[in-house]
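Chain naming follows the written order as A, B, C, D, E and F, and within any one chain the residues start at number 1.
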Amino acid sequence: MFYHTKRMQFEAKPEQPDPVYARKLQELIGGAWGEMTVTMRYLFQGWNCRMEGKYKDMIMDIATEEMGHVEMLATMVARLLDGAPSDKTAEAAQNDPVLGAIIGGMDPQQAIVSGGGATPSDSNGYPWNGRYVVASGNLLADFRANVTAESQGRLQTARLYHMTDDPGVKNMLKFNLARDTMHQNQWLAAIEQLKADGLEGTVVPNDLFDEEHREHASTLWHLSDGDASQEGQWAHGTAPDGDHEFSFVANPEPLGGPASGPKPPEHLYATTWETDTMLRKAKNTVKDKLT
Amino acid sequence: MFYHTKRMQFEAKPEQPDPVYARKLQELIGGAWGEMTVTMRYLFQGWNCRMEGKYKDMIMDIATEEMGHVEMLATMVARLLDGAPSDKTAEAAQNDPVLGAIIGGMDPQQAIVSGGGATPSDSNGYPWNGRYVVASGNLLADFRANVTAESQGRLQTARLYHMTDDPGVKNMLKFNLARDTMHQNQWLAAIEQLKADGLEGTVVPNDLFDEEHREHASTLWHLSDGDASQEGQWAHGTAPDGDHEFSFVANPEPLGGPASGPKPPEHLYATTWETDTMLRKAKNTVKDKLT
Amino acid sequence: MFYHTKRMQFEAKPEQPDPVYARKLQELIGGAWGEMTVTMRYLFQGWNCRMEGKYKDMIMDIATEEMGHVEMLATMVARLLDGAPSDKTAEAAQNDPVLGAIIGGMDPQQAIVSGGGATPSDSNGYPWNGRYVVASGNLLADFRANVTAESQGRLQTARLYHMTDDPGVKNMLKFNLARDTMHQNQWLAAIEQLKADGLEGTVVPNDLFDEEHREHASTLWHLSDGDASQEGQWAHGTAPDGDHEFSFVANPEPLGGPASGPKPPEHLYATTWETDTMLRKAKNTVKDKLT
Amino acid sequence: MFYHTKRMQFEAKPEQPDPVYARKLQELIGGAWGEMTVTMRYLFQGWNCRMEGKYKDMIMDIATEEMGHVEMLATMVARLLDGAPSDKTAEAAQNDPVLGAIIGGMDPQQAIVSGGGATPSDSNGYPWNGRYVVASGNLLADFRANVTAESQGRLQTARLYHMTDDPGVKNMLKFNLARDTMHQNQWLAAIEQLKADGLEGTVVPNDLFDEEHREHASTLWHLSDGDASQEGQWAHGTAPDGDHEFSFVANPEPLGGPASGPKPPEHLYATTWETDTMLRKAKNTVKDKLT
Amino acid sequence: MFYHTKRMQFEAKPEQPDPVYARKLQELIGGAWGEMTVTMRYLFQGWNCRMEGKYKDMIMDIATEEMGHVEMLATMVARLLDGAPSDKTAEAAQNDPVLGAIIGGMDPQQAIVSGGGATPSDSNGYPWNGRYVVASGNLLADFRANVTAESQGRLQTARLYHMTDDPGVKNMLKFNLARDTMHQNQWLAAIEQLKADGLEGTVVPNDLFDEEHREHASTLWHLSDGDASQEGQWAHGTAPDGDHEFSFVANPEPLGGPASGPKPPEHLYATTWETDTMLRKAKNTVKDKLT
Amino acid sequence: MFYHTKRMQFEAKPEQPDPVYARKLQELIGGAWGEMTVTMRYLFQGWNCRMEGKYKDMIMDIATEEMGHVEMLATMVARLLDGAPSDKTAEAAQNDPVLGAIIGGMDPQQAIVSGGGATPSDSNGYPWNGRYVVASGNLLADFRANVTAESQGRLQTARLYHMTDDPGVKNMLKFNLARDTMHQNQWLAAIEQLKADGLEGTVVPNDLFDEEHREHASTLWHLSDGDASQEGQWAHGTAPDGDHEFSFVANPEPLGGPASGPKPPEHLYATTWETDTMLRKAKNTVKDKLT
């Protein structure tokens, strides 16, 4: 169960409205790597965590924090939209190209749909959706997804940091950047912890090593003609799992037969060479021609 | 530019049809972590890579390989559907519960839409979409996404491995498992390579450390009442980036003011306490009542 | 900012696993009217509320509660999936039709993707998305949406209540039904409060009554040949806003001219009768025939 | 079965083209609350209505009308796009900032995809989809959804009314506003009619009141620290259904146990503390290290 | 503007309920090639048609008809769901495998969401969406899309025809098949008419033949190693437009330079070899290591 | 299996950056008719083709080529974005309306998400998805879809050709136009080939002509009041299949009964007139009133 306090985790006050920037900031709310994603992702991971104790507790701490980040960003967007020229007409824009440019760069739904507030969408107005959630039950697989989320998130935040001069916006983004730094470190530490606790290894899942075709578990197939791919440490030496030696397959050949499907049953009407089909079809064709 | 050979990278021949399993296998084709995702993800990363040389060449090698994996899986699905009871009627199912169960467990679109072949969808029939692609231009951020993709991919493959007894299916999955092992190792090695080459550090992006609010870059906010979250190595000691000391904020308080938005312009009709609005509205209400 | 406690708002313990029911219950998590919808909807409404005081506080109370409902349902789904036959093969199903039916009726992603847990999707595996959120800034418009959400939600919960015999599941649903009763009443009361406070009227938005074409603001156009539509109280008498008299237009005729678009510029290649286009096209056609 | 007449229900003629406004108007065509939504929603409700007579006939009347509204809006959009600068190049925009602003604010698909016509999408280019349809079979639940749709629809229309000066556009919107006023009143009247006919009550569905946990059916849980939520008439007094007394739970405590999931089967590879798993994993980890 | 009559274009009465078939039939309602697609597609084509006269009138005739087909199918689905075991519990299914199979094969939303009616979704529960609409303004391009739609539609109808024994269902499908036959012929005839009227040629759009690189307008690039592709009449002889001679490029080589992107600005943090970036990054890396 | 060469099929070098055009060009990458569509469509058609030989080989040739077109377009977009003002702030735009217009017209995700590269989305930022793929197994149905794709594709390319003055962009588009000309001709030739080989006829599928209601297989129902629809060659004369005579039904009447659904079971709570329901409901209503 959750509790809420009216105060935000950190301040979210721009000095000036900036409706074009308000559209861009939507990426951090409802984008693939926005705060709605980490909120829902960590919540589902926490609920799906099958071990009581430090892992589950930590996941729920951070999940609960992220929800507060959506709150900060939604508040910032509403304030950036203060006084946005949502009622300016074609005539006004005709007389003031700067105004026209602002109208052109705004998210129309922030006015028409939400009445001057944020929407659960990204900077192109595409709605957030549940396929952004990663919660597999395997903590190593999911913590890797989380390092990624915080990396992409800090990257987008850094890009947005350079797109504004507003001291108030920058102040909030400095907090977001710091939290993303923390969370990248946190998930990296958690990955190490999983290994230290003997719970997971290097490869996910830590199983089926005897079953998989071992001869194909360490080869780089050279399928594009750029020659430099053999120069990386992914093409020779010991692999990170300590269990394989990388090698480079310079001229790879296919190992399987031709890709081909069986003839489906008649009633699915796949086009085939088969005689009986042809006869029936020929009959119809003839009928076509004669009638 | 691409070339294609008719033979598959590895064999994809089931011993027996199994239409219910054919539905499940769709997850590896068009799911969030399926082969279409890694194909398109690596292609866009390769095209978006701004450095000629080993990184770009390696990305294109693996991108080109993944496309061949879609081919293997699509072929396997078509063969698993061979003889599927797609034309069996209610009466037939009434008399044969096993048949009824198979019909119920099949993906209806594999018959009605694709005529006995695979579709670009996941195991619930949801179509693959471009938001699964991650190609930010920052290689560390993207390689972390790639380790994740290969981890989730091998995890799902391993789960599917246990859901069949068919030696032919298992033979192909053993190859897929091995390639996912290779690719997890490969992207992990590539991350090390980026650091060894002095191109990226631990935190993405490797910048704005002086700008971010440093005091918030290493604290775990304890926002859920599970006490164990402080026991992990994410709550004390040096962070993986070597630059921060983790600490635990046991009783965190909000730092910002209340979350509140400004009053939008009248013509957006947000409900507010403001007098002028109330007057106008009162007037209308009165008018409502009088008329 | 939010806080979380590990205990759920209400108990969520089934007596028996039931993987087929676990799929159905997804509708209440990630469906259009599920708990994710009301959580996100009320959160965005609260953040988008432009009046400090009782309305905003109440919205945030209920928003915070709903998030806990997602938690209860996700927990219930995980427990219903306990021991689900996710690894049963075609051969096993062949020998046990009941088992086959269960496999056929399960959501495959609950095993393959989330490893025995809930997903942020509905009962057909379609992901939750942000277009389900309604937060317009106009409280009357949004509270009507909220009454609807709680009505559809209680309706679906009631339907699901009849689809199980499990006392543990029923116990939780009895709580959910009660909360939905409360929340329907609560939003209905809030609508009355808006009117009592003189903030909103009957029609949304409470404006532009002088501008709209009044003669079209109270007529029922009879466009389908069922004769009974004139019998309802929507076709005669005073309208709920107290400001209009309903009337029935028995034989409505169109008031506008024909629906037709202007000829777009040549370079968009719309097909038209225009001579110059025809000449150019004729020229090409002739060229086609001669070459 | 349907018939169509070429004339529109009302005139849809702008005085001037305005391609930026043509993009905004898409919200009323293919947005969540646009005319496609009410068309399809009422059609499915009508087809799904299980009572012959006035309700079904009225639903079909209005459904049939709404389709004509899509026609009016699509016509208006095509006319607003007349002469839109869809072929203007970067150089032209460089020399004319007003032109540049117009190009920037246009929906590119209205030129590239539909050749100067409307698309079945909203003002951000997101396509209309079937999850906007509400047709549950329960008329009270659905009529509430319909009041909402007409409220959100009139709200958006009113917002758009202020964004243009064009007398022709305003003339059409005055008709749309009037129809939305009518339809809000109509559905409100229909809700009263349902009660007057003894078909539905206040709470949806009108059942399971003895089964639900009555003690939780009238309490407001105070989960956010804004104190004013107890001041509304939703926190004390008789509820709108006449059957409950509202009360305020000032310091709510969770009633359930901790949210936790059972250990899934080994083959799903959830990370757990369990010994046997740890042994196997430890074995693999050792093997990792030794090899 | 539209009118509606209560009677359906053709009868839609099954002899027996069949809830599993009711799910399959959804493909013809809300699938990519279902009746909602042709309804909306033809309506938008009609409204977007820039020529008064026979083309526009014919498009509107068929558009109006298709809407009635959605009505027939929605009615059929509701009747097929009559008595569907939507309230049967796990225990009941345990005792009756046939019942279990039926429950497993049903669309759960047809009970939980629509209360025993059709939904605007396909047979996998994926909602219909506006990207299925094709209305480009170019009649040849769109009529080709329409021939396709009627072809895929009749194909799916034919497949579904074989999946039932119910005489009532088959009776309706025989009508649908006939209409699809008509409509395939109709659009094929309309394509011929366009050419006969001198409005369009063979290639869409009928322009830019002098501008396009003519040497690449008739060559088949042999990029997959199947040798037979040169045997078709697409590899030699005169092309259908009468203006080109097909030829076969047996060993095609790329004509362009390497695919590479420019270095983006520093503030987008793309990983590059550039010295200044490296210096800054190296500095940070050193700082990482020293701290 | 696939191979890749670093060189592109054709050159993709603009003379000048043009970030607004870079957004528009996304339509050709990830739009419904973009290169990702034809790539995936032809690949799935090839894999789903059930006849070894010329058809399958030709499909795979062209599928493999299309993938290279995505590469060309993605490269062009990256180059058009060179130096895009992605870091320009509100202040800068205030001082330079041209700059403001450019920022307003850009796709924000091309900077924030992909760091100066293309995304797998269309010109409105909507992601490509798998429902654009058409691969039914019936070659006539699919080849018609392919003619359509190449027609819509060339149409959009031609429109885009007129929206730029850049010689480098135009040079690439001239190649694309030529290939689309070739591919329209190629699929038209393939359709003729299917008939010449006796594999398919005119109507898809070539079957069930004796079963369908023949009397409805050649009539144009006049359902919209435009009189000219009878003037086309689709209303009289022999149909393209040579087997039917078109006719015009000037005053069509419905053939079916009223569209009505059966009463669903009580537990689905559809609103009905039925007495027992009414009794229960009345009871509750009374209870409502008395309490």
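Note that in this section contacts are C-beta pairs under 8 Å (C-beta built on N, C-alpha and C of every residue); 3 or more make two chains touch, one makes a residue touch a chain.
Please read all numbers here as calculations on a predicted model, not as lab measurements.
**Q** Sort out for me whether B-D or B-E is joined by the greater number of C-beta contact pairs.
**A** When B-D is set beside B-E, the one with more contacts is B-E.
**Q** Taking A-D as the reference interface, which entry in D-F, A-B or B-F shares over half of its contact pairs by residue number?
**A** D-F
**Q** Same residues or different residues: which describes how subunit A and subunit C meet, taking over half shared numbers as same?
**A** same
**Q** Need the CA-centroid distance for the pair subunit A / subunit E, whole Å please.
**A** 27
**Q** Round to the nearest whole Å and give the separation of the Cα centres of subunit A and subunit F.
**A** Measuring from centre to centre gives 25 Å for this pair.
**Q** Of all residues in subunit B, which are in touch with two or more distinct other chains?
**A** 1-9, 32, 47-48, 52-53, 55, 60, 63-65, 68, 71, 74-75, 78, 86-87, 97, 100-101, 103-105, 111, 113, 115-117, 121, 124-127, 129, 131, 136-138, 140, 155, 158-159, 162, 202, 204-205, 207, 209, 223-224, 226, 241, 254, 258-262, 264, 267-270
**Q** Using the touch definition from the top, list the residues of subunit A that touch subunit D in their complex.
**A** 1-6, 47-53, 55, 86-91, 93-94, 97, 100-101, 103-105, 107-109, 111-113, 115, 121, 124-127, 137-140, 194-195, 198-202, 204-207, 209, 241-243
**Q** Note which residues of subunit C are touching subunit A in the complex, please.
**A** Against subunit A, subunit C makes touches at 1-9, 30, 36, 40, 43-44, 47-48, 60, 63-65, 67-68, 70-71, 74-75, 78, 113-121, 127-131, 133, 135-138.
**Q** Okay, in this complex, where on subunit A does subunit F touch?
**A** Touch list, subunit A to subunit F: 16, 18, 20-21, 23-24, 27, 31-32, 97-98, 100-106, 122-126, 155-156, 159-160, 162-166, 223-226, 254, 258-264, 268-273, 278, 280-282, 284-285, 287-289, 291.
**Q** Going by the contact rule at the top, pick out the subunit D residues touching subunit B in the complex.
**A** 155, 158-159, 162, 267-269
**Q** Using the touch definition from the top, list the residues of subunit B that touch subunit A in their complex.
**A** 5-13, 32, 52-58, 60-65, 68, 71-72, 74-75, 78-79, 81-83, 86-87, 111, 115-117, 126, 129, 131-132, 134, 136, 138, 140-141, 144-145, 147-148, 151-152, 154-155, 158, 161, 174-175, 177-179, 181-182, 184-190, 192-193, 196, 202-205, 207-209, 211-224, 226-235, 239-241, 244, 246, 254-262, 264-265, 267-270
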